[in-house]
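This report refers to the structure that appears directly beneath it.
Just so it is clear, A, B, C and D label the chains in written order, and each chain counts residues from 1 on its own.
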Amino acid sequence: MHMQLGMIGLGRMGANMAERLVRGGHTVVGFDPSPEARGLASSKGISPAASLAELIDRLPAPRVLWLMVPAGKIVDDTLAELLPLLSRDDVVVDGGNSFYKDTMRRGQMLAEQGVHYVDCGTSGGVWGLAEGYSLMIGGETTAVERLRPIFATLAPAPDRGWGRVGPGGAGHFTKMVHNGIEYGLMQAYAEGFAIMQHKTDFALDLHQVAEIWREGSVVRSWLLDLTADALGKNPKLAGIAPYVEDSGEGRWTAAEAIDLNVSAPVITLSLLERLRSRDGDSFADKLLAAMRNEFGGHKIKAE
Amino acid sequence: MHMQLGMIGLGRMGANMAERLVRGGHTVVGFDPSPEARGLASSKGISPAASLAELIDRLPAPRVLWLMVPAGKIVDDTLAELLPLLSRDDVVVDGGNSFYKDTMRRGQMLAEQGVHYVDCGTSGGVWGLAEGYSLMIGGETTAVERLRPIFATLAPAPDRGWGRVGPGGAGHFTKMVHNGIEYGLMQAYAEGFAIMQHKTDFALDLHQVAEIWREGSVVRSWLLDLTADALGKNPKLAGIAPYVEDSGEGRWTAAEAIDLNVSAPVITLSLLERLRSRDGDSFADKLLAAMRNEFGGHKIKAE
Amino acid sequence: MHMQLGMIGLGRMGANMAERLVRGGHTVVGFDPSPEARGLASSKGISPAASLAELIDRLPAPRVLWLMVPAGKIVDDTLAELLPLLSRDDVVVDGGNSFYKDTMRRGQMLAEQGVHYVDCGTSGGVWGLAEGYSLMIGGETTAVERLRPIFATLAPAPDRGWGRVGPGGAGHFTKMVHNGIEYGLMQAYAEGFAIMQHKTDFALDLHQVAEIWREGSVVRSWLLDLTADALGKNPKLAGIAPYVEDSGEGRWTAAEAIDLNVSAPVITLSLLERLRSRDGDSFADKLLAAMRNEFGGHKIKAE
Amino acid sequence: MHMQLGMIGLGRMGANMAERLVRGGHTVVGFDPSPEARGLASSKGISPAASLAELIDRLPAPRVLWLMVPAGKIVDDTLAELLPLLSRDDVVVDGGNSFYKDTMRRGQMLAEQGVHYVDCGTSGGVWGLAEGYSLMIGGETTAVERLRPIFATLAPAPDRGWGRVGPGGAGHFTKMVHNGIEYGLMQAYAEGFAIMQHKTDFALDLHQVAEIWREGSVVRSWLLDLTADALGKNPKLAGIAPYVEDSGEGRWTAAEAIDLNVSAPVITLSLLERLRSRDGDSFADKLLAAMRNEFGGHKIKAE
């Protein structure tokens, strides 16, 4: 069954997901404040709307609206603008990386207007367009069921790689934990390759090692595939600064684990290592050097 | 090209590897001190030898001998027994999890007798028989090349999943780091699932979540496949003690990282968490409780 | 100069602080909902009030009120009850372990009524009565200055061990970090003693070692003094469960560090170790055991 | 009772300890290969010897020789040179930071010649001259007892701050753990002060905070005294590079904990943080940035 859907936010993720839906036979009206983004979307079969109001107008009730905007205030702002335009029984999906407690609050707010709110944690990155997205979905069963054709198209296969995991918020919660795990996996690989890179007397070819591991080893994974790819293109990682960003989800996972009294040292430290990578002038390390000088007369390295 | 090979050690790993070689058309003579192991091997097309001497006798020079015995003293003992029986230009492969510095020492010892020593880090576990093994190989190029038909059969594909990564010891070094990464990956998943398991109000079905992630997500991997499998069979992990063994390789990786001045916190902590899982009566925690009582009068929980 | 002060909360900390003030010549009216607490306080020269209203009545304006109640809702409830009874220019001190952002919010609320709010992070535990408290104070300079005689009496010495560290909230922030450091220090000692306890062939007398270190060593500290004391009384820590509570401040420090983009691995892990000590049935460890069984056929220990 | 002692190694630690012994009335003959070191020692009442042979000649048998040289090969070399010169029943003390397993090996070697070997872990740094040293001693009881007057003078008080903690090696083992704890304590303070330094809106005066904590707080310690001193002299730690050396003892403690199956995450991470401080070009962090770019198209920061 083919559906009509309004995609709000046509950035990299939103545009790709809309395109995958169009390829799957669905009709997608898309809105983005950027004319360029709308133009690009249009070239891929997404019908652009010049405003949220126009987008709403062009969809038959009960509508399906998919938000693919950055987490935080912009979600609240968009919902505030949308809400007066919506009708009872419309469904709004938040496919972004919202904090699950925000999602629960928003769901309650929309429910008071008779509008359904579904949270869809979405994994797959830039590869999702071709390979499909892994979708962790929270919300009322009936609302989720209504969107089944959408999820079946977005996922890697109609009956695999997606599912309703629980009530409103459960999808974003699960995606949050997914990202926490992702931090830990990435850090484990990064440390292992760094150890090998420092073993200079063996002159290991890190790209070769990654390729060997891709086949048959216990550590084979999609992240390893990407690592092999990155090392193939740039074996010494030349020109790349040792500077690692983090998004909110790693932080939330670390905090949530503590709230739940779960010790998650590896996920937590993976986050802290990213913070550390961005602090080239560590006050803690300076103080350690100063202390060593105080008690032992050990030399301080000048800045 | 089919080869003849002597497999020394017919435990789970050795027997499986020998069987994969036999299936691939090679001739394998196998030795194990256990008559049962020899009998089982025999039923799979491996020709059993009753002693190391017999095994050597039945192979044409220059011979290929593959050790698949537990790391440590037993490798040294086996080499001591083998060495007088070997001829110049024979090749001995250590396919087990030996410490790479032991391997380097042994390689030097054999080289003095004109015998080649090749180290082959082997990953794949019980699945290797069917899927092939990931092989990280160290040693002289000519010796490794001579064994090419063997590696091509053991690996998942003739030209993928195996390679000579460096001189003697480099194979075991690479395998050691592989296992360190494995610890980190496993711990990251374990923590993530534990966080979800503690979020009782969402009543997440952890097996379902694992299955969703297997398709299209950033965290998809072979270890996740196995996790999904384990959770499918036993969703609450009932009857499983929270007790995790470690083998030497995690310890060596942690120590090696420090020797190389590489900070590898996630790999290291993954090891420490395993130690912690086996210490149900932590003296450190008792002392913390005692200290809290001393300074703040906080109650101590009785044992 | 001697002052009059109302102490609200006569638990262990509040009663001790009030007693130290009385010993220092100040007049203290105290309130606690528990008649037993009021009775005990009375025996120590604290004049008990049967209600907050009575306590307010018996103090001359502008009043000084010191809250020593558990952090959280009870502070808000107490302030809600107090506020209608207060006069312009009264000062309320929160001497407890409140979260500094709550303190900032409360300070703003009180300021709207012309009431000053001062936050006083208080360290010293049960020893403070005899040795004096370390006081980290936040709030307007004039309000803090007005209370100088109080702080001078509570501190170990009139001019040492206390100070205004910044605006409202800064005192509780500083105390929060103090407690985070405390977690790290405690964990470092606990680990060290645990290592020695496991080195059974040396049969070290841990109490003796602690006593040696108390004199002249780099690790000497008050916490070590307490550790020596605890080990002197109970060298094997017999009967003490390996179960460590945490209060909010360690959690807040870990979260705050992340918010400030500071990597604080030791403080953070010290908290996680406490969570771990209370999770005797770790799901993460069970899953690790299950995974090892899946890929390597490694035996699972039965529960 | 006053004794005669030969001090071998007149660097900062050796010269200070010899000076404290001279001040205490003992007679010290000192050797160091550096003429400058001998000259400086001479000015402090230490009688310089131009060679090990001369030093041995000038001491009455049974002799007491105190090694205060860097850990490692130099200890073995010195013992090799000393041994032919020594007589049955002489005592050699290693007061340096030797690895305890080396000490056990050396003790056995000397015992075969009838020479006693005593290991003395020494803490106190440059402050020991004035305040006395904390001494953790391993070796035979009779040999340790013979040196009682020496230990009583070196320690902060004749009967406190020193003790025989066990057989040969136990002193160095205990000192090793002491240093491991020291790493953890230092890191805990460093992190706490870094958190406060990043809380720029409170503009905390870190020196003031340290001074407040020195009196009455739970975190008061000698290391905090030194921290306060360092911050008093250089509040912003200007000109100090965030670069922290480590000596062998932290590494040994981390490794030893693992060997004993003790999880010591805080001590271990404190070491790793020091390694990290010296790796300004982290390959792990570069790889993380490269991976993020691969799966999510996230921008890489150029080097």
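One rule holds in what follows: a residue touches a chain if its C-beta (ideal position, glycine included) is under 8 Å from a C-beta of that chain, and two chains touch if they have at least 3 such contacts.
Just so it is clear, the structure is predicted and the values come from calculations on it, not from any experiment.
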Set of chains adjacent to subunit C and to subunit D: A, B
Between A-D and A-C, the pair joined by more C-beta contacts: A-D
Greatest separation from subunit C - chain, by CA centre: B
Computed distance of Cα centres, subunit D from subunit A, in Å: 48
Whole-Å gap between the CA centroids of subunit A and subunit B: 34
Interchain centroid distance [CA atoms averaged], subunit A/subunit C, Å: 39
Shared-contact residues (touching 2 or more other chains) in subunit C: 125, 187, 189, 191, 194, 198, 218, 222-223, 261-265, 269, 273, 276, 284, 295
Graph class of chain-chain contacts, one of line, ring, star, complete, other: complete
Residue numbers on subunit C that touch subunit D, as the complex places them: 123-125, 128, 131-136, 138, 155-157, 160-163, 165-167, 169-170, 173-174, 177-185, 187-189, 191-192, 194-196, 198-199, 202-205, 208-209, 211-224, 253, 256-257, 260-267, 269-270, 273
In the complex with subunit D, residue positions of subunit A that touch it: 12, 125-127, 186-187, 189-191, 193-194, 197-198, 223, 226-227, 229-231, 234, 237-245, 265, 269, 273-274, 276-277, 280-298, 300-303
In the complex with subunit A, residue positions of subunit C that touch it: 218, 251, 254-255, 258, 261-265, 268-269, 271-273, 275-276, 278-279, 284, 295
